[in-house]
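Letters A, B, C, D and E name the chains as they come in the text, with residue numbers starting at 1 for each one.
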Amino acid sequence: MKIQLKNSIAPLGALKKIFEHPKTLCYPEVKAQNVTGYRGFHINDLSTCIGCANCQDVCMNEAIDMIAIDVDKNPKNNSGCIPRIDYGRCCWCSLCTDVCPPDSLKLESECIWADDDSNRFLYLPKDKPC
Amino acid sequence: MQNLMQHFEIIQKTPTLYALHVSIETLFNTLHHLRYQSDFITLSQLTCTDWIEEERFELGYMLTNLERNCNLMVKCFIGRDDVTVASVVTLFPQAEVMERELHEMFGVGFEGNDTLYDFALEDWQDLPPMRREFDTLAYVQSHYDFRDGRDDNLDVKEQIKIRKAAAKSAKEAQGGA
Amino acid sequence: MERKTITIFHGPQHPGITGNMSVELELTGETITKARTHVGYLHRGFEKLIERRTVIQAFTIVCRICVPEPDPNEANFALAVEQLAGIEVSEKATYIRVMVLEMARLAAQLLWMAGQSGSVGLGTVGQWSIYDRDLILDLFEALTGGRVYHMYIYPGGVRRELPEGFLERLGALLDYLQKRLVEYDRLFFDNASFQKRAIGVGVVKSEEALHLGYVGQVLRGCGLKRDVRRDNPYFNYAALEFDIPTQSGGDVFARALVRRAEMRESIKILRQVIAQMPTEGAIMQKLPKHRKFTLPKEDTYVAVESARGEFGYYMAGDGSEMIRRMQVKGPSLIHGFTLLESLLVGEELSNVALIMNSLGICPPEIER
Amino acid sequence: MEEGFNAYRQSLESEEQSIKSTQSVVEQAIAWFRAHSMFVLAYGTGCGAIEMPPTFTSRYDIERLGVVGVATPRQADILIVSGYCSPKTLKRVIRSYEQMSDPKYIIGLGSCTINGGMYWDSYNTIKKLDDFLPVDMYVNGCMPRPEALIEGFVKLQEKIRLNSSEAGYIKYRDNYAHYRANQERLFGAQVAPSYEENFAGMN
Amino acid sequence: MVLIDCFLMLLLAYGFGFLYYGLYRNLSARVHGRFGPSLAQSFFDSVKLFVKEQSTTFGWMFYAGPIIMATGAVLNVLFIPFINHGDSLQGLSSSANLIVVLYLMVLGPLGNALGVGSNGNPFGVMGITRGLTRLIALELPFYLAVIGVMIDAGSADFSAIFEAQSQEMNLLKHPLLFMAAFISFLGFMGKSPFDVVGAPQEVYSGPATEFSGKFFALLLSQSAMFSFAKLLLMVNLFLGGADDLGDLVLKTFVLFVAATFIGSVYARFSTIQSVEFLMRIPTLLGIVGLALL
């Protein structure tokens, strides 16, 4: 295959890019835009959570612990437990939200978390109605 | 294909997938025949399934034809312990690495393949990991640590029972009063 | 005169290597006399993990098998489970699956372009193409909720309905990409300096290519028209119109040209999908006994065409909720060992990264 | 515990004043320079490698913050361990880390570095990275988005700027026996030779 | 007086060197479609590297390398006049000529070879071999062009070269010679397509692979100063030198931008390819240019 002379000059055409304004997302200055439906952190509507531990069962990462709560927010919650997620295990597959009978467990689009203490990553879902 | 069907007991699984069971003695000759006398000239996968209840492994040679539109599984049952199968490296050079992998993962020996050194694992001391009797969770628990702080995990069924009992006794206490 | 050889490890921590693997090279001067591939840095034992999980649990883990393009794995897994359990998938779900696969293919080709151009020091192309890949990932984010790992193609269908206005967004992106591809041609594929580097390097002989089990662009780069989408159609590729581009050179440049043409074909397929997408219809056929779904004692082999070649799964059920055995055959297994080890002999050290990128070797699918 | 995100920032702010008062101007200036020039050795140990290109290229362009990738560990300040580590990889990661010169930091990317992630029952991945190496910043996610990775860098930048005494490399130097013991337990006889010379001539 | 002059020149070279390095990063970032780091980023980097702790040692020969290189760069800056007339910013150029400068330009790579050779890293050695191979190929066309300039001026003194260009600069008088010199100048600057020495995808950072901390900072600083010296040399030889400081900035900047842009759109040649290319095209240009004199 012969290399053409034209092809040694043509790449310089790419330089017109310098006249374009960069479309970079400058993250720390400009916050990330929330995407509806993004699989981020968990939220749990405590007023409808029935503490059935379906989420715990389906999670293949064994990331979900059912822990006791002090104040009952839902009278139908027979066990008095709510899920807590270990974010050192979770893979955000959202199987737990798929099997949730009252649809109380959901994922929100917030997803950014950096921390220097590895023991803080046990996450109690925020009580947010959905 | 028709021609092959006459020679061997080939089962059609799907329109493009055929299977053939052979014994360990005829395995190499069958593959040799298929490689040189038929269209199936490519070995695209070498599989091994552990049927621990039946105490045998099932080796599967996935052959693909020249047109790449038809697959033939040549399967063969072998024993689980200290088995050596004739290597097919002379027929299919790409089998070298596949056999190396199976040797490491299942402990199947391949005679005639002298590259059966480490594939993915380094200094592995335990059982070959893909065998069914190798319990990965037990291995993990004995070799690695999980992070602490998850002891407050409760069994929901227990909790329901406890709460029911508590509610009942509370009711009784109320009724009693 | 005997020349002194030195042995070096190219990788695993090396900018010129495609992922976490290494190649042991014996060098005389800068010429390679022997090459040996080492993998295992990424071994996680997927096949073992899958044996411990039920079908729907295993579904979330398979996409991790190949990081640059997870979707062919999901498609394979879904195909295999559907074939074993005899589940029919609705037309709409099939179309969405094809769309996802083609988008993933485009994204993977753009990622490949970054690697290939980076291997010859043309960083500008990589900067551009990763940006454009990100635009595709944005669409994935809206559709599936995940950026890289989509976990979307589910046995029985797909997990979510198309969001409002998604097809329009996709159409607009395709228009944009079509314009960009011209610029990539000028800066990368037609660039004389890239051609000088790539032509005649890493030549695969076409007569042995089929027998040795090479797949994808390696085959098509040496003039053999093989593509699972045509030879063994899955989903509804049989009904879609597209060409299989081929080149006759067999070298790095030929494979690059094949990929360049494939990107255009992907765009063509996506346009057809947008036009033909059914508006009505269910997207998911519920698995029987959803969480306690069992597979019959059967086995099967399915394959899809990933952006780097045939990606096959062997799956055997045993009548329980778990999968007895699932074995993955990625395109990189043969390319990374038999092919790479033979291609590198006689090449210069500077061509290692070039050849590895052009074969598209992805270690996580070699060792799982 | 619920507000895990803010806990970090609050603890940092309270620390900031007390630390600042004890440091000289020169020390603060040096810390500032260190925070604004971070050379990264991006070791693609796992899935995380796939979100590195977008972070380093034009979409997210982390070079704005002074973060640059370098090819060799000798010149690097920050090691990104991007995801799960098999023992085979970990050996190389430790070697790379020990070749870096102080001050050096580690960013652990993804859930797998925290508690095993989805490979928690895999026989060939380690579960807690901080048993073997001191991790300065964890970035959560599977995969963490590029924004999350940048967030990790920003927080690490704050940490470096404060010249905190809890930096990982100091921990590693002081508790070397602990880390070494863990490494030996995992690798057995195959453990890499100790890199004693790294610490020779220091205190 | 000369001392102050020299000091000023070094300061200018250091400042401009880092400014241009920052500009290089910014401009190539713009070609990539992103913002890039701040202009002073390279300066931050070098300060940070200077205060890093040193962890490894390979004997004194290893450290001698960067020091020899830095000496070469400093002397180069001092022997090339910044301004084409008058007494200020002339440094030691009156007591040296073009031949000394050209000789000193080779000193750096040789010093580097000494240092890298002693650390035993195969990639470093490979990088240095590549560097020296390339250097030989680079020098042929560059010397051809320089000989042309010297013949034209009738002397190897900078003052004579400036004198000969007072009417029309060499760029216009001998465009072929300029082309030959410019292509090898790209190679001297380590720009694509001639950047085989430190190709990260092939040999890590090449010669710099084992250097860390202070010595890497020294390498960075000297390469920044050396780049500025090369720019100056090109300006003096072909653009008629600078009339004043503003002119200096303008001319070096134009050359620098041209080199940066060309570097960002071409792929890297392999060692043999770049030697072949340099031996062919620029050398031919140089010979034809000489014949036309």
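Operating definition for what follows: contacts are C-beta pairs under 8 Å (C-beta built on N, C-alpha and C of every residue); 3 or more make two chains touch, one makes a residue touch a chain.
Note that the structure is a prediction, hence the values are computed from the model and not measured.
What chains touch subunit A and also subunit B?
Touching subunit A as well as subunit B, we find C, D.
Could you let me know which interface, B-C or B-D, is made of more C-beta pairs in contact?
Looking at B-D and B-C side by side, B-C shows more C-beta contacts.
Which one chain sits nearest the middle, judging by mean Cα positions?
Measuring from the global C-alpha mean, the nearest chain centre belongs to C.
Tell me, please, which chain's centre (mean of its C-alpha atoms) is farthest from the centre of subunit B?
That would be chain E.
Take the average of all CA coordinates in subunit A, do the same for subunit E, and state the distance between these two points in whole angstrom.
Those two chain centres are 50 Å apart.
I'd like the Å distance between the centres of subunit A and subunit D, where a centre is the mean of that chain's Cα atoms.
That pair's centroid distance is 23 Å.
For subunit B and subunit E, let me know how many angstrom lie between their CA-based centres, rounded off.
Here the centre of subunit E sits 60 Å away from the centre of subunit B.
Considering subunit C alone, which of its residues make contact with at least two other chains?
In subunit C, residues 14-15, 40, 43, 45, 48-49, 52, 60-61, 124, 127-128, 131, 149, 187, 191, 193, 196 touch at least two other chains, as defined above.
Spell out, as numbers or ranges, the residues of subunit B touching 2 or more other chains.
120-122, 129, 134, 136-137, 147
For subunit D, what residues touch not just one other chain but two or more?
57-59, 61, 64-65, 71, 88, 114-116, 118, 120-124, 128, 142, 145
Tell me, which pairs of chains are in touch?
A-B, A-C, A-D, A-E, B-C, B-D, C-D, C-E, D-E
Which residues, counting only subunit C, touch subunit D once they are in their complex?
That would be residues 12-15, 19-20, 40-45, 48-49, 52, 60-61, 64, 67-68, 111, 114, 126-128, 130-131, 133-134, 137, 147-149, 364 of subunit C.
Report the residues of subunit A in contact with subunit B in the complex, numbered from low to high.
Touching subunit B: residues 51-53, 56, 65-68, 78-81, 86, 88, 118-119, 122 of subunit A.
Where on subunit A is subunit C touching in the complex?
1, 3-5, 7-8, 10-11, 13-14, 23, 35-39, 58, 60, 91-95, 99, 107
Where on subunit A is subunit D touching in the complex?
So the residues of subunit A touching subunit D come out as 22-28, 32, 60-62, 86-92, 111-118, 120-124, 126.
Within their complex, state which residues of subunit D touch subunit E.
Going by the criterion above, the answer is residues 30, 33-34, 36-37, 39, 57-58, 61, 63-66, 68, 70-72, 74-75, 77, 99-103, 197-198, 202.
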